[in-house]
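Supplied in structure tokens, the structure appears directly below.
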Amino acid sequence: MIPVLHLVMLAVILGVSFITIFLMVFERDLLKMIVLSAAQSTFYAIVLYILLVPDVVLAYIAVAVGIYTALLMFAVKKTERFEEA
Amino acid sequence: MRARYIAVWLAGIFIYFLIVARITLFDLVVAPIISMVAALIMGGEVVKKPYKAFSPKRWLYGLAYMLYYLLIVEPTCHLRVASMVLGLRDYRPDIVEVSFDYRTDYAIAATANSITNTPGTIVVDIDPRNKKYYVHWLEAYTRDPRVAREKIISVFDKWIKRIFED
Amino acid sequence: MMGIGEVFWLYIWLIIMANMGLAIYGLIMRPNILKKIACLTVLADTSFIVLAFIGYRFKYPVSPYIMTNWAPNNATITHFISESVDPLPPTLTITAVVINLSITILLVFLAIRLYEVYGTLDVKKIAMIKKELRGGEK
Amino acid sequence: MRVTGLIAAISILIVLFALAYGLVVLGISGPPAPVKLRLLGEKYLYYMINPATKYFTAESPEGVSAILWDYRGLDTLYETMVLFGAIIGAILVYREYLYSEPRKTGKIYGLSHIVRTVSKIIIWLTIIIAVAFGFTGQITPGGGFIGGAAFAVAPVLLVLVYTLGYARRLGLTHRRALLLRASFLLLLLLVIVTPLIAGGYIFQNQAKPGSAFSFPGRFIDSTPLGGSIFFLNLFELFAVAGAFTVAFILLGVIASLKEGE
């Protein structure tokens, strides 16, 4: 038997994460970019949870959602906010 | 001074068992050590008056406040905002000053979070020295801090005082 | 012909590859160094997802790699193996997550230093400033 | 310039899609998620807590911890070295600020009163959960690296929500964090070398042929300890936490030094 429900959830969440990464890469305001990056990390954490790797989820949520966001926000505060593209 | 650390330590042990949801001898040995690490770092800051943390009356008031808040206060506020959205009710959004008279940090934070969590009111900023919240309010027909206080936080006031204040 | 499960796998795999492609695009083409760092973390995270996919099993009763029976015998172990996912990819991933964090800290500190030196984080502007400096020396 | 970017994007996407198509449809290396386990993973799962195979067991019901600190222990040791190399590199970039005294300003920076009150509890809970990950890494998801990464949230919150002065008031200085990191790394090395002193092999956990030495595999009530896995997880937790605390204290130092300029 195939767990189709899990696959549907995976497909939807990965699709949303694709949109988030797309917006993130082409965003000029770096603060918005960081918020989008945190959203992408949340979706990825859900994907990792569905794929049954609890250790990685525990480490990943703390690092990617918490610390990367704080670190990059700090760096934006110390440097410049807008990217000239 | 020492009692603060012990209070935080005991609370930490309780939280450890809440997380792991399992009681074996291993956990009974390990939990005090884990809780001790956290208490040594944050123990002096989390509680200021340890005897207050161990009064069952305050816990019961906290539980009752949670039920009252979730079952009565929040649904009525939701209904009010929903009627505003549907055009059945007038609204006048503005930022007003609301005075408070709490002394403990937790009472201030709990009231601010209660105000923010109900739809229609959001605490935008706080001035702890002059004891004032700056609240974005959808029905700001008055600008008097005392009247606003009567309208906004009198619902939570007596509960919060019983839970966190003397 | 492919069943519904295979179609889903194909779709999921393609999206992962597209995410990787976007991250590589941002890493190469966007000028700001902080955006490059963020794209690098996205690339690494996508590779973690790929690793988790490699370890996953495409069958129904599937469980994580943690044995709940602490005094197992041969039968329970065989049953556990028949359901469990592969523990090796997450093992590789965990150290990668933490090392990625430390390397990102290093990169952010270097980026702040770079801003102090050049006054900008745009690599094109930095290249221009460097070219001017070199021309001035000659 | 724009055309170059477009070409680069299209070529990257074409390469990746070709890779994906080849992997999934043509079956170059089989489907991405197989139904059967690979042989190596199956062997690890079979041996990790198996009383029947005395010389191969790791006495840890958690597969990741067993592989991380027993079967592939040396890999993990070198990965730990990479981690500390990166952290030391980050510290070296701003080393001169770390040892300078912070400027004393009367004004208190940091976020608002409410955020600070709530963050107190959050930091406390974070520390409990992170240390619990380290202590119970051999029976539930968690372990040294995970606990260390979770612990690192606490100094981040301390430095960004409060200020560095508050962290110093709590006794979190960079000297103490460095001491913590160094001493727990030494303890980690001690655990690795202990079997060698007792006449066994380096990185030995349970008894092997030719060496009867083994770390305690079970607690008194037969909760699995995983032998050296328990100690290595624990020491790794505090070493990683100390390293990240130094890095984020340095972050706070940079913030406080450059605030007025």
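Observations
Just so it is clear, A, B, C and D label the chains in written order, and each chain counts residues from 1 on its own.
Methods note: contacts are C-beta pairs under 8 Å (C-beta built on N, C-alpha and C of every residue); 3 or more make two chains touch, one makes a residue touch a chain.
Since this is a predicted model, take the numbers as computed values, not measurements.
For the pairs A-C and B-D, the count of C-beta pairs in contact is higher at A-C.
Seen from the C-alpha centroid of chain C, the farthest chain centroid is that of B. A separation of 11 Å divides the Cα centre of chain A from that of chain C.
Separation between the centroids of chain B and chain D, computed from CA atoms only, is 34 Å. Chain A and chain B have CA centres that are 31 Å apart. Chain centres here are Cα averages; for chain A and chain D they lie 20 Å apart.
Multi-chain contact residues, meaning those touching two or more other chains, do not occur anywhere in chain B. In chain D, the residues that touch at least two other chains are 62, 64, 140-141, 143, 145-146, 149, 152, 223, 254. Shared contact sites, meaning residues of chain A that touch two or more other chains, fall at 54-55, 59, 63, 67, 71, 74, 78.
Interface of chain D with chain C (complex): residues 5, 8-9, 12-13, 16-17, 19-20, 23-25, 31-38, 40-42, 44-46, 48-52, 61-64, 66-68, 72, 76, 79, 82-84, 86-87, 89-90, 93-94, 139-141, 143, 145-146, 148-149, 152, 222-224, 240, 243-244, 247, 250, 254.
Residues of chain D that touch chain A in their complex: 62, 64, 133, 141-143, 145-146, 149-150, 152-153, 156-157, 160, 251, 254-255, 258. Partner chain C is touched in their complex by these residues of chain A: 1-4, 7-8, 10-11, 14-15, 17-18, 21-22, 24-25, 30, 33-34, 37, 40-41, 44, 47-48, 51-56, 59-60, 63-64, 67-68, 71-72, 74-76, 78-80, 83-85. Those residues of chain D lying in contact with chain B across their complex are 112-114, 117-118, 120-121, 123-125, 127-129, 131-132, 135-136, 140, 154, 170-172, 219-221, 223, 225.
Note for the complex: chain C touches chain D at residues 6, 9-10, 13-14, 16-18, 20-21, 24-25, 28-29, 50, 53-59, 64-74, 77, 80-81, 84, 86-88, 90-91, 94-95, 97-99, 101-103, 105-106, 109-110, 112-113.
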